[in-house]
Structures are given as C-alpha cells and as structure tokens.
Amino acid sequence: MESRARIKALLKKLMNRKVMISVLALVMAMVTSGIIIKLSGYSPVEAIMAIFEGAFNGKSAIARTLVQATPLILSGLAFTVAQKAQLINLGVEGQLYLGALATAMVGSMDLGVPGGLHLIFAILVGMLVGGLYAGIVGVMKVRFGSNEVIATIMLNSIAILVANYFVSGPWKAVGSVTGQTEKVLDQVRLARLIPHTQLTLAIAVAIISCLIMKWFFDHTVPGYEIKVVGQNKTAAKVAGIQTGKIVILSMLLSGAIGGLAGGLHVLGVDGRFITGFSPGYGFSGIAVAALGAGSPIGVIVSGLIFGVIRSGSMLLDLKTDIPLTYADVVQALVIIFVATPMLITEMIHKSKRVVSAMNPSSKKGEES
Amino acid sequence: TPASEGTAVEKVDAGDSAGETSSSRVGIVLTTGGLGDKNFNDMAYDGLVQAKEDLAIEFDYVEPKVVSDYVSHFRMYAESGEYELILGLGADQADAIAEVASEFPEQKFSLVDSAADLSGVRTVYTDWTHQTFLCGVIAGLETKAGNLENANEENVVGVVLGMEYPILLEGVMGFTSGVKYVNPDAEVLQATVGDFSDPAKGKEIALSMYNRGADFIQHIAGASGLGVFNAAKEENRYAFGVGGNQNHNAPDYIVATSIRNVNEMVYNEVVLALEDKWVPGPTGSGLKEGSVGYSVEGSNVVLSESTIKIVEEVKAMIINGELQPCRTIEELDAWVGNNQYFQ
Amino acid sequence: MNDIVRMTDISKVYPSSNVRALDHVDFTLKKGEIHSLLGENGAGKSTLMKILYGMNAPYSGEVVIYGEKKIMSKPIHAIELGISMVHQHFMLTPVMTVAENIVIGREPRKGILFDRESAEREIQKMIDTYGFNLSPKAKVEDLSTGEQQRVEILKAMYGGAGIIILDEPTAVLTPQEVNDLFAIMRRLKADGKTIVIITHKLKETINIADRASVLRDGKMIRTDIQVKDTTIEELSRYMVGRDVELGIQRPSLEIGEVAFEVRNLNLVEREHSILKQINLKVHRGEILGIAGIEGNGQSELLEVLTGVRKPTSMELRKNGELLKGDARAFIDQGIGHVPEDRMSQGLVASMSIMENLILGYHKRPQFSKRGLLKDTEIEEFSDQMIEEYRIKAPGSRTPCKMLSGGNQQKVVIARIFSEDPDIIIIAQPTRGVDIGAMEYIHSRMLDLRDEGKAILLLSADLDEVRNLSDRLLVIYEGEIVAEAERNQMNESEIGLYMTGSRSQKSGE
Amino acid sequence: MSFLQDNMVYILVATISMSIPLILASLGGIFSARSGIMALGLESMMMTGAFTAVVGTYFSGNAYVGLLAGMGGGALISYLYGILCIRYKVNQVIAGVGLNLLALSATTLLTELIWGNRGSSPQVASIQLNLSFLSKVPVIGKILEGQSILLLITGVFVCVAWFVLFKTVYGLRLRIVGENPKAASTMGLKVKAIKYQGVIICGMLAGLGGAYLSIDHIDLFQRNMTAGRGYIAVVIMILGRYHPFYVVVAALIFGFSDAIQIYLQGQGIPSQLMQTIPYVVTLFVLAFGVKHIRPPAGIGMHEDDH
C-alpha cells in the first residue's frame, strides 16, 4: 500500500505543469507535421514508426540516438548557462568550433604523456579556448557595453572562417583532400561503450555537466551571484557583487561548455576536426534550451528528445520516400510549439469548455 | 523526385545479367550537400535511376546532415544485410566507409570520387585537374584571341570557388594551368564565395572579376555558381559550368562545362557489382574513360574550329600521358616554364 | 443620486499568485468629492482602482458609471468615460520628453503629423497654471522622482478628465509639493471634478478628503466615512484593527563618540558638480537625518557612502580609521545599506525570500563556506526572519515579487538589521509602507540606535525625519545648507531650507 | 592600395548592391524592435520573401508581381512571428530561431513540391529596370547607373521610415509601445495591434530584401540563399541604433568592407582570412565606435505584464 502511495506521489511530481506542457507540445508538433506529411501525399504513420524504430529499435539505434543527443545537450546547456546571467550567447557555434579545433590539435600531438592525462588535457584546452573566445564577448560587454548578440554573431563567422583556414592550410592533415586535421592519437580517443557504435562516455560527460551546472546554480556562491546579476544588475551592484566579473564568468563558463561539446565530438565521434562538422549545433542548442525551459535538467530531457528526432530521421530517410526535409520541419515545429506553452494552456481551456458544454453535469470541475 | 536537367546518362553496356538480378538492392550515402544540387548528388541519383530502369535494381539513398553521420548511415545499410552494393560519394566519406567496411568484410562497398586505398572498398576517382584543364585551354585561347563576340582585349580570366577546400583547389589549378598552357601571360583571378548556396554573393564576385577585365570565368562553387552565370549574362561575358552539363543555364554565355559524369561512374559501379566483376582497390577514371572532360553541348557559343582542334589535341596529349596538368600553386611557375603549347 | 461611480460586489483573484485581492467589495464615488481610499499594504486598493480604470480584467461584480452599467476591460474604456489615473508605479517612458509622455494617446496633430509645438505649448500652459517647475521638452529620464510624479499628475489632468484617480501620489513629494498638489486638487474639485486619492499618510486624508473608505485584506471594512467627523487614530484603527502608535518620538538616551565621519566629499560628473564639500559626522547612538527634496543629490550621496559610486574626493572614517573600496568592502566593514528603491536596488524580485535575505551577505561564514551555500542554515535563518519581522508570506521559498510593497521592504530591512552593522545608512525606509509596518520599522530603528548603532537616515518624508532624527541636516543642490538639533526647527523652516530659499551658510 | 583606388567605382557599386537587402531587412527590423519585438526572425522573413517572390514571378511571369509576393511572403511569416511573440508571449530569441529553421525547411519542401527539385527553382523573370537615367549625374552617376530601381525604392523607404517613426503620431505611438507597453496601454493605445503592425511592416520590408536577392540581383530561388543575411541585418539594425539613417550607414560599412574583401582576394592572403574582414570591422565599430547602444526598453515586455 505504501509503495503505491509513493508511486502516486512520484507520478504527481512528474506530471507537473511544465512537463505536461512540454509533452503536449511534442504531441502537437507531431500531429501538425503528420498533417503536413499527409497533405504532401505520404503516410504519417509510416513516418512516425520509422522515426521511433530508427531511434529505439536495437542497441545500435539507441547508441546512435545518444550520440546525436550529446552535442545538443551541451550546446543547450551552454546557452542556458549564459541565459542565467541574462546573456544571449548566440555564439555557441563558434565556441564549439574553436573548442573542437583546439582539442583536435592537442589530441593529435604526441606530448609523451599517458593517455588519460593527454585526453583530459586535450579536453581542457578545448574548453579553455571555447571559454576564452566567449570571454571576449563578456569583456566587450563589460568594457564597452557592446551588445552580445552582435558580438556573438560576428565571432561565429570569424571562428568558422579561421578554423577552416587552419584546417585547409597550415594544419591540414598530410595527404588529405578535404579540410581536416590529422587524426588524434588513439590514446586520446574516447573508448566505445558498445562496439561498432560511436557511443562513448561523452554522453555521460554531457549529462554530468548538466547535473553539475544545476548543482552549481543551486548551491554555490558564484552560481548564486550569476543568478542575481541576471535578474537584477542594480541590486547586485548594491550588494557588492562585481557584476562585470560575473558577466565575464558566465560567458567563460558558457563558452567552455560549448568548447567541451566540440572537443567531445572530436574525441568521441570523428577522431579529428573536419570542416563543417557541425550542422549548427550551436543554434539547435537554443532550441534545446527552450525546450529545457532554462533548467539544466530540462536540457538533458530536451537534448534527448532532439536526439531521438535526428537519429530517427536517419531511418526515415533510409526506409521511406519521405524527404528528410520533413524531419527538419518536425524539429522546427517542436521548437515553436514547445516555446508556446500559452497555446497549449489555451487549448486545454477551450477543450474543457467544450467538454463542459457537452456535459453540463460536470460544471463543478470548472471552479477548481 | 529530383530532376536533373542536362545530365543525360550514356548507357554503359549492361550485359545480359539484368534480368536475373531483379531483386538486387543498392544503397547510396549522398554527400552533406544533399539532393537538389543539380550536380554531384543529383547526378549520382540519376545514375541509380538509370540503373533501376536498365538493370531492374532497387535502390535506397540517404542524405546525411553532417560528416559525422556518415558512419551511422553506412552501418545502417551494412547491418541490414539487404544490399548488394553500398555506395559512398565524396572523398570525405573515406574514413567512415573504411571503418564500416572493416566490420563487414563480406559486403561490397564502392566509394565514388575518392582515391584512397581502403581495404575492402572499391574507390573510383576522377582527377580534378583533368576535369577543368580543357576549359582552361579554351579560356586561355579565347581571351587572347578576342574573337568571340563578348570577349575583350584584356588577357584576364577567373575562377570562382565556393569554399576553399583543398580538393577544389586542384580544380583551380587544372583550369589555371590549362589557361597558362596556351597563354602563359594570362592573368587568372581567383576568389572564394565562402558558401556553396549563395548565388547573390557568387554574382558579386563574378562581377568583380569581369570589372577587372576577365571575360571567362570558371566556377567551382555549387549553387553559388548560378550567380556567376547571372553575372555573365548581365555583363555580356562568358562563364564555364562545372559537374553536370550546365550549358543550358545560359546557353549564350556558358561556353562549356567542365564535365564530370558522376552518373556514369555510379552506374558503372552497379554494373560491376551485379556482374561479379567488382574488385576492391582504387581505380582512376579520367579523360580517357570519359568520366571527365569538357562539353560544349547545348551551348550557343560557337568556338572556332582552330580552338576545337587545339583543345582536342591537348586532350589527346593528356590521355596518352604526354602532358600532366599542374597540381599545386607552388609548382605552377616551373610547370609553365616547361609546358607550353605554342613554343 | 449623485453617485457617479458605483462598484458593487467586486471580486478579483490574481491567477498568477492565486491571491484573492478583492472579496465582494462595494465602493461609490460622489460627484465633486475627494475620496480617500485607505488600507494596509496589499489590502487591494490599487487593485480596486485598476479595475475602475479597466486595467484589471477579468473581475466579477458590477461597475456602474454615470448610471450606466459598464464593462471595464481596457483603459481606453475608462479614458473614453473621462477617467484618468496616476499610477503607484510610474507609467512613464524615460527616453521621451515630458510633452510626449503626457499627450500620448490624444496627441495634437496636423494631419498625420504629430504637432509637437502645440503639444509643448499646451503642456507649458498647464505647467504654468499649476506652478510646476518643469520643461515640456525635458526628457523624463533626466527628471527626479518628484518631477516625474508631477509629470504623472499632468498626464492625468491633460484632456480634462472628470474622474481622477491618484494612487499614492504624495509618497515622493515634499511637504511643499504636497501642499501645491492639494491646492490643485481643491481647484479641480471646485471645477466639479471627482478625485480618488490613495495614501498611507492619514494626515493627508484628514487634510484633503471629504470621504474615506478602508479596505482590509480585500474586504471593504468601512466606507462612507465622513472625514470631518473622524480622527487619525480612528482611521488607523480601521486599517490595522488595533491602536497604532504614530509619530513615535524617542530622543537618544546616550550619544557616544563619532562612529562615521565624512569629510570633504565632492562629486563631479560630466562637469556637473553634484555633491559639494559635504562634511558630516554620525555618532554612536544617534540618528542623523538628512532632509531634502528629491533630486538634490541624496541618491548620489547614498551611493557614494555605500561604495556603489566613486566620488571625486572624499575622506571617510569609521571609528577614526580611513575607509576605502567598493560596495563589497563597505559591507564587509559593517556598513549596512537600505537602498532607496527596494524594487530596483534592494531586491531580486524573481528570487525567493531566503535568497534575498542573504544578498550581499552571502559570503559570510554563516551562509557559505568555501564557495558553497549552506542551504539548511539559510533556510532556518530565513524562517526565523519571517517570524521575527512578521513578513506576510507563505514561506521562505516564495518569490519576493509575490509580496506586497510593505513586506518587500521588511525583507530588505530584516537583511540589513540582522547582520548587526555598526553603521546603518538607510534611505526612504517607509516609502509606500502602511502605517502598521511603518510603526514597526521605526521602532526597530530606534531600538538599534539605543543599542549604540550610528544611523544615517535619508528621507523625503519630513515627518519621518523630524520624528526619528536626533540631529538633522538639510541638503539643497548637493550642499548641506542647514543643521539643527532635534526640535530646533519647525516644519516650515526646514521647508525653506529644502527649497533653497534660505541657507545657514549664506547667513554666516 | 592604388589597386583599390582603380577599382573604387566598382567597389562602391558592389557595396551598394550588397547593402540593399541588408538595409531593407534592418529597416524592417527597426519597426519591429521599435514596437518592442526584437526581430531575430529576420532571416526567416528574408528567406520566405526570396522564395515567394520567385513563386509569384514564376506563376505570373511578372517580376513586379513577384516583388509584391515577396513582401506578402515576408508579411505572412512575420505575422506568425507576431502571433508567437505577441499573442503567446514566446521568448523572442527562441521564436526567431525557431522560425528561421522553419522557413529554411519549409521553403526547401515547397521548392521540391512545386518544381520537383529541392535545391533551386528554375530561372524566372527578374527586375530589369535600373537607374541608367542617372548616368549623367557627375561623380555618383557611374556608381548609380547600373543599380536596380530597388535602390531608389530603398532610399524612399528609408526616408519614409524616418518620417513615420519620428514625425507622425503613428511613429510616436509605435515608439512608446516599444519603450513601455504598459504605459502605452494605460494611455489607451491598442498595444497589441501596434505591435502586430510593427512586425508586419518588418516582414514586408525584410521580404522585399529577400525578393531583391532572388528576383532582382539574380533570377531564381536557391535553398538557404539568404545565407545568414537576416542575422547580419539584426546586427546592422542594432549597430545603426534602431535609426533608419544610421542603419544605412552601418549597412554601407558592412557592405563596403565585404566589397573590399572581394576585391582584395587572390592577393596572397588566404581567402578565409579575407572573408573575416566585414565581421572584424563590425566588431571594431561595435567596440570603439558605437558604445552602449540602448535598445528600446520595452523589448520583450508585454502590456499586461505585472
């Protein structure tokens, strides 16, 4: 009996408003895209089945889903962290790029250190580079009052161009015909958790990073100060918090997480830096952060959801005639619906009204 | 289904095995550019459509979002075990296809457009320098002669790149050495759009070259090249297409296309696989095989007989090995010193 | 019947906080009266008036205006009926000019063009009539709070509304300005206008109103009180439900040695001399009050003395020792600071009470250790503060934005007072706070003083400064122009110094 | 440098033609931002405009119909943006990025459904009218003669925008709404309606900017052909302090540095590094030129916020 009550309590906790709305939004996005798919003459059932099969059917499918989710979770986290200080870091893409490049370079050099150390060093350098690159924005903001939206958009383009220059020129792998660095040493590659998949500990690192950030914001002094600065800069100043330092710190942190996303991708998936390796993870991160509703825990959940869509759409692509563009449409719709909780609440209200109109005896329920 | 005007496939003799293998499936991993590029991917797709018609095969295709996804796609094909042949496209798939091929030694893998030597994988490559060299020769001859209606006095031509990828720079060198082979004093301008799908910027870049005296521009810029054609029309100058025959895009202004018959290459791989003639290892395919070259078909620009004669002569020289286009910018000066058509 | 507004059975629940702000309230306005609406913080005064102004739909109940039943769901409905409102929190656009702010929504125009000249001319005329010191061309962001209040009042008058609602218009005005405002109100009344005024200062109600109504916890406790037949004590009893000690005067028991000394303080910014040669001393066991009209450098003085702003020159001593540094250093040195605007400077509205109670002191060992917050200790501390300071809130985790103004002020005060600072710099401690809370805050301040703290009090509320201060300074245009011991100067004398009509300095 | 001088006329010609779509889009952005909605969805409006312009031209055979269709397309998606941000109070960054993704995938999908190719449309008619009648004007005649009639239209729009924003009652109201929606609402303004208007004007102008790219500058729609110009337009709008004239200056600075880099390419410096020039210049202008830009205070706020 008692355990039943506990499960009930747990369910109640899980079914809170935020979660309900996110779930309903997903359903709405699915239904809408289903209609679009149907209108274009394809079978929505087939599409959804393919997506679920591609994401969950078998070990390698699940592995693929987790691999896809990893950079999304981290990019979403990077955006969320900056957002806590009320900073819009549209530059995660650039930070991720440079982080990946730095990790790849360090990883491909023979430093004569043991593997584990080398790996950690490579990751840390990636984080440092990503962090410093974002730090520029923080410094510009504090020093010159520069708008971070402009600065990050500009720095994105610069990062991508400069990285492309290095990997097509001075740092290009010998004999390679595409823009890429040398392979990283085997000792710095992340070990595969399941053979013949790309699944590595990277996903664990991503999830742990989210947990750490949640803990950081809830229980540490700098986390607290970031939140205060984000919510009320004047009050923070009056309380003796050095707002400039905090702004820079948040950007550094956010950029470091972006750099980590890039570094893990290099060491876990590609084994080197390859031009164009990111399909806009930085921007998808904004969507992930939106779905995660500003909470690092939410980011894990939403990163996984986007991972499912991306991984599932690979099978959709392979198995059906439905063009891959539909998967993009689904993703965009998910973002839009999830970002629109009021639409969902409105619909709930309307449907309640309809129900109560059809069924006058249930009118009491409206009061509550 | 994606259309691809002007990429007609010349039929390779399919032998008489077509009937028996009606249930064979072929899978292809396209490049990150995806279908609709009216080029590489669309041509490969057309090759398979042709194969489906001629050889009664079935085929599946996937369009990866990013380079990192290649491995997953190859593995999904291989794991299903349903495919007679798994095709890859583009040099950047080499790592991925090699990794999966090592896990599935029984499976046939072919990678089109890569020269890498990968165990268990058949790679077929074309030479970029061979692809653009002959259009370079045309440009070199015509910009100096100035006979064509819209050619000018100045001895300047240009190349527009989409992005500065190492492999595309070979295409630039092919064109440049082609120009210099017949016209060593010509200036070859070069600029990069920074995007493969920004025709507006492509046009601006082409205009900047035409303004500086160029009268012929070779683009290697994907859809950004459409802007180059537009600039040619507007400025009354000439351009060269790349990949599939693009001459119809602006027949009065596009002199020729630096052709690469990816469709034929793909088609051939299917034939080989069905006929059990498939063997792993790298195979070159160039001017001789007809996989690359120039095509004036569909263009309204009439080249003089002497030009055509010289181009064909040069083509023959490359095919029989008398002439090798220059490959790198560093070697160019020395190469020009040693290789001249008009002594 | 000359009831031009009749609100019956009005109820309102805010869905976001689930607060029943109004509970079956009836309210009427008679033509040509000045009606004072009273009640503690959070009683529902603003809510009721916002419903009348169409800003608070949906509500339940009936609103009848000029005898006709109306549904007030948008301000435009009220505006069209000739109702205007001065809001408790300013509704001004800082980057725009006085004239633009006032005429918006009913702009003089030439075709599609905004007729700026005639707008400015009209506003200037109003300014002249009411004797305000304002320029229609000035940007609102350059105005002091008092001046902004005047803009709000002009906004309400512009367009000739018949019913004018003033929600705490006097909170930031000097006595002189209050008198001016009241003169205007009487004139408007003579013109046949009907006015509602919300205020926490019962003296003002007695002074200006014809009738009064009292709300408590969303219920109308008394309505139709004839002001001429009542007293401050009676009104305060209606509001709070008990007797309130108003205007506590408790002279210092023992004034100790100098605890806090400022010498040679000057502040020049953008070639404007904002603070000029300020010298002051606060002793242990003393409250030093600084009176002055808003915009005469008090805000800057406060910021300099708490390390938020860098002065051009200053020598600051605490217990004889030279003090330097930023806000952090000042806090660490035991200088407590209650900022003048709680919402923008004192609190992080979206954060919880407990998070706000440690703000600025979060690095103290009792709240954190090596960068980690001590969650249990913080929560215990917070629960204790809520009890001790009688903060009306569901719990420590309630966000501050859900509290009423008075309770928010208590959070700030509790934070500073509980940290046992030697010196307390406190500005506008009871602005917008109801009489019950005011009584409490004042008595706490006096207790602290009696414990030997040195307190520097800045306030625009002259009664407050006069009652609490053991010594009083008057500031005018960044200069200390007068100094007096308790009860040495009367209200009108201080008023003369505050407006610069008189100066001890020039008299020397 | 004399090389640049020799080509200065061409560089200026390129500057102008590359700036036109940016000016139009940022001009639109001003209306949106000034009404309180940060136009991060400009990219989607430009892209949709570019697409519908080609659709309109394709089916009517008339590029001027196409221009109108481009404005309509931009307006349509901006209306959606408005519904999200105004009615449903969606976070504007997220709504913008979401719509940008939607516009990219939707235009790709429709390109495929209409023309059977998901990369690009067929070639369509394009705007042919240019300013050749100005060729006689001394000095600038050379720069202007080849420019499209849209340059003239852009210039007119810039002036009209300035006039509307700062001289008319409507502009005053729009700006008040963007600065302080609550105050505007208490003064009886129809805040939501004004915001919708701001956003839709934004969509029409950005759509026109997109149409310039697709049926004026060239003559077809190519998937993702706006190539991030919408984001650049946001940058230019902010850099131009949300003011029509300064936005023109900011766009010309960006366009000019972009044109310079095109002409400087192939002079030995790696092309990728040359391509960073406009971005680096913008950063420098941001850091040392226009400090502390103050956005409209009401961005992201709603009239019924408490």
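For clarity, chains are labelled A, B, C and D in written order, and residue numbers in each chain start from 1.
The definition used in the following text is that contacts are C-beta pairs under 8 Å (C-beta built on N, C-alpha and C of every residue); 3 or more make two chains touch, one makes a residue touch a chain.
Every value quoted in this text rests on a predicted model; they were computed, and no experiment measured them.
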For chain B and chain D, chains touching each: A
CA centroid of chain C to CA centroid of chain D, Å: 45
Intercentroid distance (Cα basis), chain C paired with chain B, Å: 76
Separation of mean Cα positions, chain D and chain A [Å, integer]: 29
Gap in Å, rounded to a whole number, between the CA centres of chain B and chain A: 37
For chain C, residues contacting two or more additional chains: none
Sequence positions of chain D contacting 2 or more other chains: 108, 112, 118, 270, 272, 275
Multi-partner residues of chain B (at least 2 other chains): 34, 164, 194
Touch relationships between chains, expressed as pairs: A-B, A-C, A-D, B-D, C-D
List of chain C residues in touch with chain A within their complex: 306-308, 326-332, 337, 339, 344-351, 355, 359-360, 362-363, 368, 371-373, 375
Contact footprint of chain C on chain A as seen in their complex: 219-222, 224-225, 227-228, 231-232, 234-242
Chain B-facing residues of chain A, complex: 60, 64, 67, 161, 164-165, 168, 172, 176-180, 196-198, 265, 269-271, 274-279, 310-311, 314-315, 317-319, 324
Complex contacts: residues of chain D adjacent to chain A: 40, 84, 87-91, 93-95, 97-99, 101-102, 104-106, 108-109, 112-113, 118, 228, 231-232, 234-235, 238-239, 270, 272-273, 275-276, 279-280, 282-283, 286-288, 291-293, 295
In the complex, chain D residues that touch chain B: 7, 10, 13-14, 17-18, 21, 108, 111-112, 115-120, 123, 213, 217-220, 222-225, 227, 259, 262-263, 265-266, 270-272, 275
